[in-house]
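Labels A, B, C and D are assigned to the chains in the order they are written; within every chain, residues are numbered from 1.
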Amino acid sequence: MKDINVALIGCKFMGKAHSNAWANAPHFFDMNLRPVLKAVCDTNEQVLGEFARRWGWQETETDWHKIVARDDIDIIDIATPPGVHCEIAVAAAQAGKHVFCEKPIALNAAQAAEMHHAAEKAGIVNYLNHEYRRCPAIALARQLIDEGRIGRIFHWRGAYLQSWLVDPNFPLTWHLQKETAGSGAQNGINSHSVDLARFLVGEIKSVVAMQTTFVKERPLAGEAAGTFNAAGGDSEGPRGKVTVEDAISMIVEFENGAMGSFEASTFAPGRKNYNYFEIYGDKGSLIFDLEKMNELQFFSADDPEHAQGFRTILATEPCHKYMANWWPPGHSIGFEHEFHHGVVDFLDAIDKGAGVTPDFLDGLKGMEVLEAGLQAARTGTKVVLGS
Amino acid sequence: MKDINVALIGCKFMGKAHSNAWANAPHFFDMNLRPVLKAVCDTNEQVLGEFARRWGWQETETDWHKIVARDDIDIIDIATPPGVHCEIAVAAAQAGKHVFCEKPIALNAAQAAEMHHAAEKAGIVNYLNHEYRRCPAIALARQLIDEGRIGRIFHWRGAYLQSWLVDPNFPLTWHLQKETAGSGAQNGINSHSVDLARFLVGEIKSVVAMQTTFVKERPLAGEAAGTFNAAGGDSEGPRGKVTVEDAISMIVEFENGAMGSFEASTFAPGRKNYNYFEIYGDKGSLIFDLEKMNELQFFSADDPEHAQGFRTILATEPCHKYMANWWPPGHSIGFEHEFHHGVVDFLDAIDKGAGVTPDFLDGLKGMEVLEAGLQAARTGTKVVLGS
Amino acid sequence: MKDINVALIGCKFMGKAHSNAWANAPHFFDMNLRPVLKAVCDTNEQVLGEFARRWGWQETETDWHKIVARDDIDIIDIATPPGVHCEIAVAAAQAGKHVFCEKPIALNAAQAAEMHHAAEKAGIVNYLNHEYRRCPAIALARQLIDEGRIGRIFHWRGAYLQSWLVDPNFPLTWHLQKETAGSGAQNGINSHSVDLARFLVGEIKSVVAMQTTFVKERPLAGEAAGTFNAAGGDSEGPRGKVTVEDAISMIVEFENGAMGSFEASTFAPGRKNYNYFEIYGDKGSLIFDLEKMNELQFFSADDPEHAQGFRTILATEPCHKYMANWWPPGHSIGFEHEFHHGVVDFLDAIDKGAGVTPDFLDGLKGMEVLEAGLQAARTGTKVVLGS
Amino acid sequence: MKDINVALIGCKFMGKAHSNAWANAPHFFDMNLRPVLKAVCDTNEQVLGEFARRWGWQETETDWHKIVARDDIDIIDIATPPGVHCEIAVAAAQAGKHVFCEKPIALNAAQAAEMHHAAEKAGIVNYLNHEYRRCPAIALARQLIDEGRIGRIFHWRGAYLQSWLVDPNFPLTWHLQKETAGSGAQNGINSHSVDLARFLVGEIKSVVAMQTTFVKERPLAGEAAGTFNAAGGDSEGPRGKVTVEDAISMIVEFENGAMGSFEASTFAPGRKNYNYFEIYGDKGSLIFDLEKMNELQFFSADDPEHAQGFRTILATEPCHKYMANWWPPGHSIGFEHEFHHGVVDFLDAIDKGAGVTPDFLDGLKGMEVLEAGLQAARTGTKVVLGS
């Protein structure tokens, strides 16, 4: 086991999730590279100190340029809002660091392309953390597809629904402004769905879409309002304009002829983190719901006719990807463990001199779909990708 | 209780469902008008005789014009494929008969308009049998909305998924040809979803869409192949062109600002009759799945914060619409009983000299949405209704 | 098709359910014997007339002895409370009538034995209407067991839970008195579970049990209070003693070595008609819930290890028993249709000169288990059947 | 924050789960006492070294007596099989160490009593790790009961079902022998159910039961076969006698008049870790299933009559116990996190000089119920506790 030095940039929700993965993955997985929590960087010095102490980051830094410039850092982990992903990732790649980058990849496809090209040129391992590919139930979905158990795919029916913006006094955080978020539900959550659709079904060829913004102005956010469980804003104070969509729906055609639908909204009361999809093929069908993340539903047309039905597979068994490393059969894992799997596979790629997906190219392709969707919604016209 | 004479036209799947309703509704419901099964009409004389005997229709007829012309018929029940709905309904209206018409209303909006105007002019009671409005769980959905428990609606998320066309040797029945069906999944099943969306959310303003036909040619259908459990066609024999869509998806904007999505397909293995919708509002949300037709899921944002969640209401209790007439609490009903409810409400409207919905005007409005969807799919451009 | 004359005794909930089955089964099923609704009998003359008119019973009678004595009656259908089952059934058998008898068979095993012996001696077709054996999903459970897909059975885990007695002012109907009901939850609902366990697993060898009565006194019931959706009693008026158990649980050993559990209660808020069981075998497992009566859950240990899980089979397809007679694929049936299936199979047995199950012997064996359970609960000691 | 030194004894499944909790709890929770992973003890020296390295235990030891005798240890964490719990716990208490003890408390009630008295006498904080009390969904169940939302409880209906012993060649591990396990499914899993029933409903007064052993002889276990995902044994080699029950069911009376049922089996194919219960009260009902550990189902009789139903609460929100410390709303946790909650509450008790439950007294009371159940099963007679 060899040490490898990690520097984390950003210490809010995602900084916490990443720290947890770097710190704990080696407890469960046999890894050739042992991540050393070398340095953590954030602009808020006060938060930073407490964060570093809690998670065991050895050093702190408030300027990410200095972190990237250090010789003793092997990996840059970008856990900031997407507005600065491109700048950091390109600099890190140019400095020869491997990059572990939180989603969405960037504000737009142009930035994603820049990141991809910088990474290609530098030859570094680059990973975009669409963590759901590493949910064991979704890895199982992919396995069943690869085994031919779904057959020719007819339909992808996806949705990513949450409810944290229903309160009109939820403050105007960075998520709600185009300059910092690129777009709203599209980049924030539909990016996950598009990544999963590309992972499980294939590339997307064309798209029509509609979008809306239900709450057009919101209270200005205070200092603390960086994360999506921000306390309600001040209903009496000054308000600012929401410049991104609250909800967006797309219908797409895949290159392989399948149809797809995507629906992303943060205005779905009752849904907390409903990352959901259905896949229908001529041999079988699949259903996944992140709110039941240890389960995958599978229908097989190969079952005897009188005994066909969607079966609920508990993807908690040693035969399911990643699960043998956790607990004995029948013991569930939680949201955070997908990040561990990402860290493990990323380090394994570095160790082997190989790549890992999704990478910046996946991020670019996904972002092209997301941009096409936004354009289709704006224009009311079908957008053909690559045209 | 006064007798009222009914004549049924068409004796396949829907003729059976309608006969059952006319014959049995009076056993369970107290009705001022007692339907008399006076005459039944079909072009297939052999099937007709056996059908009449089985259901107790007093007389048979092979020419619908004669039925419509008879003085002793009060109600014309149209249970044929949609290609002849318009012709029959207009004639029946002009003859002063009340009309009970199976869905979809007709081949297209022009025909629907003709039917609506004829009915208006004649002043007859006209009913379009989108039976799901009379599913007690859906009636409950409407009641909860009317009570203000859902609040401002943000989203309609509908799907109607089946799997009976996945087999490429399923024969080329009337459902699969534009001349006889108007369109495919759009008229066949999306018409139900659009009717429910209009019933529960409101009128639709604009639409974008995509559609596809997965199986482009199918074996020619034999005589018997009228219904959708037709036996597999002859894979070696001559094939004909499928001229309608197998699947269509739409995204819409409602007049009240809500967004909606519709997905209709007969290529969804594992789904038998999955007429499904979700409604999200700022006070609560609803989920319905016809495959569990006695249930409605309801989320209330008014519940205590720590005790919120989708609750599964068994709509089988005396307090639920229609249910007091069936069995004691906790006893489920089946698909067919929605037709009984339609018959009961239709006869009640005649008795009271009132209207009943959905009527031909609803059929027309729904058909306008369906046509807009087909046009949007064809052109790749958003279609604004009424423009 | 030959006519066969039926006389119904009792016209409350079960009289209605039986009438519906006699009247409608021939619409859906091809039957050699056509049931003629010849006569109906009840002590309440006023209710009787309206009931006969509604359902088309040709004649009425207030004394069941006269009905049994008539030469033109072929079938006696007993839909009364269980207190008079034995007397009527024995007289009917002695008069050579076939008997269709509602459950529970009688007040106790002694009566059941008398009925069984009278039927045997007379050689008549005798049927005990535990209708759930004819729920298609349960027929499928039996089929999967017969096909060897469950293997050696380890466990039966049954429950029958309702909530209609939670209100302490629910009146003291016949269900709540030993003289008229024999016992409470045991005869009322556990009789169904025991019948299903015998049908699906096998004979029961020994039993331990506990029981309780949560509400010990209730308002005296008025005239109308015959059915279990009786209106709340008068909380101020006189009360009488409840002489049966509100809830009873049993653990049993089957002759084949399986263990079983039974839990019957009418004090389970949230449960309307929760007739539920799980069966675990070394090759597979089954779950049924009457509140979702069109579904059966099936786990197969023969599925690939990574794709195992309980699948939800919609037992609504033509390949499922009885279903081809109803509607096209994917259309659900309701509670009442189990009665149609009973009528069809009973008439078929008469036509063929064969037997049908469950019969009075099944009723006797079931009642022996129920009595053993009551005795075990009373004594706190294991009761071995047949000892 | 003050350091407190922990020594762990046992490093198999539970040693791993405990290590994980000691190591990671401080990352998420604000704690006055910081656990220092001081020493770990196991008899298998080779496994021990690798285990200590992986988890960061500073020192290793193969003789637990030496660990207990050390002055620098504050807490003894017992994660061994139950056969040695008593000996270690008593010694640890006598040495003034706080004790964190894995379930089941011991082999029998006599040992549990000894442990309880030693702990009482020493005045140490003693905790028995029935971790499910600290599952947020179950903590919520308790909260809803405490808030009066369930009312007078009528029924506890519990089951703990798994399937890891179905294979007759699963080897004869320590779980299957009375000397090392005390009993089988009773101590192994029913102990959890009994603990939850006592936590949520109350003390148990009397019990009847049955038990069985489906596979009476099994292959002798090799060295490695310590955990319950042991590889299949050698089907050809020597076999030994299983001396505990594979399955046991109990029916109980609670002191408050409620009835209860318990069913524990490792012969339930399709069930992986199905720790399940239903609670029915006159104001509401609850359902929990560990295989969906982030969910609690709640039925409220206070809901409007037409809108009543079991609601599925996602216990993943900041308002749910422990959850504010993990992730933003809607992010699930896994099995392991219950252990973190146990560590947090245990350390908090030490810090405050208070107690924590379940403690050894709870273990004793639970064990008395378990023993009564075994005796009732053996004798076929009701056992009244405390008699």
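Here, contacts are C-beta pairs under 8 Å (C-beta built on N, C-alpha and C of every residue); 3 or more make two chains touch, one makes a residue touch a chain.
Keep in mind that what you see is a predicted model, and the values were worked out from it rather than measured.
Chemist: Determine which of the two chain pairs, A-D or C-D, is joined by the larger number of C-beta pairs in contact.
Modeler: Contact tally favours C-D.
Chemist: How big is the gap, in whole Å, between where the Cα atoms of chain A centre and where those of chain D centre?
Modeler: 35
Chemist: Using mean CA coordinates as chain centres, what's the gap between chain C and chain D in Å?
Modeler: Chain C and chain D have C-alpha centres separated by 41 Å.
Chemist: Do you know which chain D residues sit against two or more other chains?
Modeler: Chain D, residues with two or more chain partners: 271, 299, 308-310, 314, 317.
Chemist: Looking at which chains touch which, would you call it a line, ring, star, complete or other?
Modeler: Graph shape here is complete: every pair of chains touches.
Chemist: Spell out the part of chain A that touches chain C in their complex, as residue ranges.
Modeler: Residue positions touching the partner: 140, 143-144, 149, 295, 297-300, 303, 305-314, 317, 319-320.
Chemist: Flag every residue of chain C that touches chain D in the complex, lowest number first.
Modeler: The contact residues of chain C facing chain D are 154-155, 157, 159, 161, 166, 206, 208-210, 212, 214, 247, 249-253, 257, 259, 261, 263, 265, 267-271, 278, 280-285, 299, 301, 308-310, 376, 380-382.
Chemist: Once bound in the complex, which stretches of chain C touch chain B?
Modeler: Touch list, chain C to chain B: 13, 17, 19-20, 23-24, 26-27, 54-55, 162, 164, 227-229, 271-273, 291-295, 314, 316-318, 326-337.
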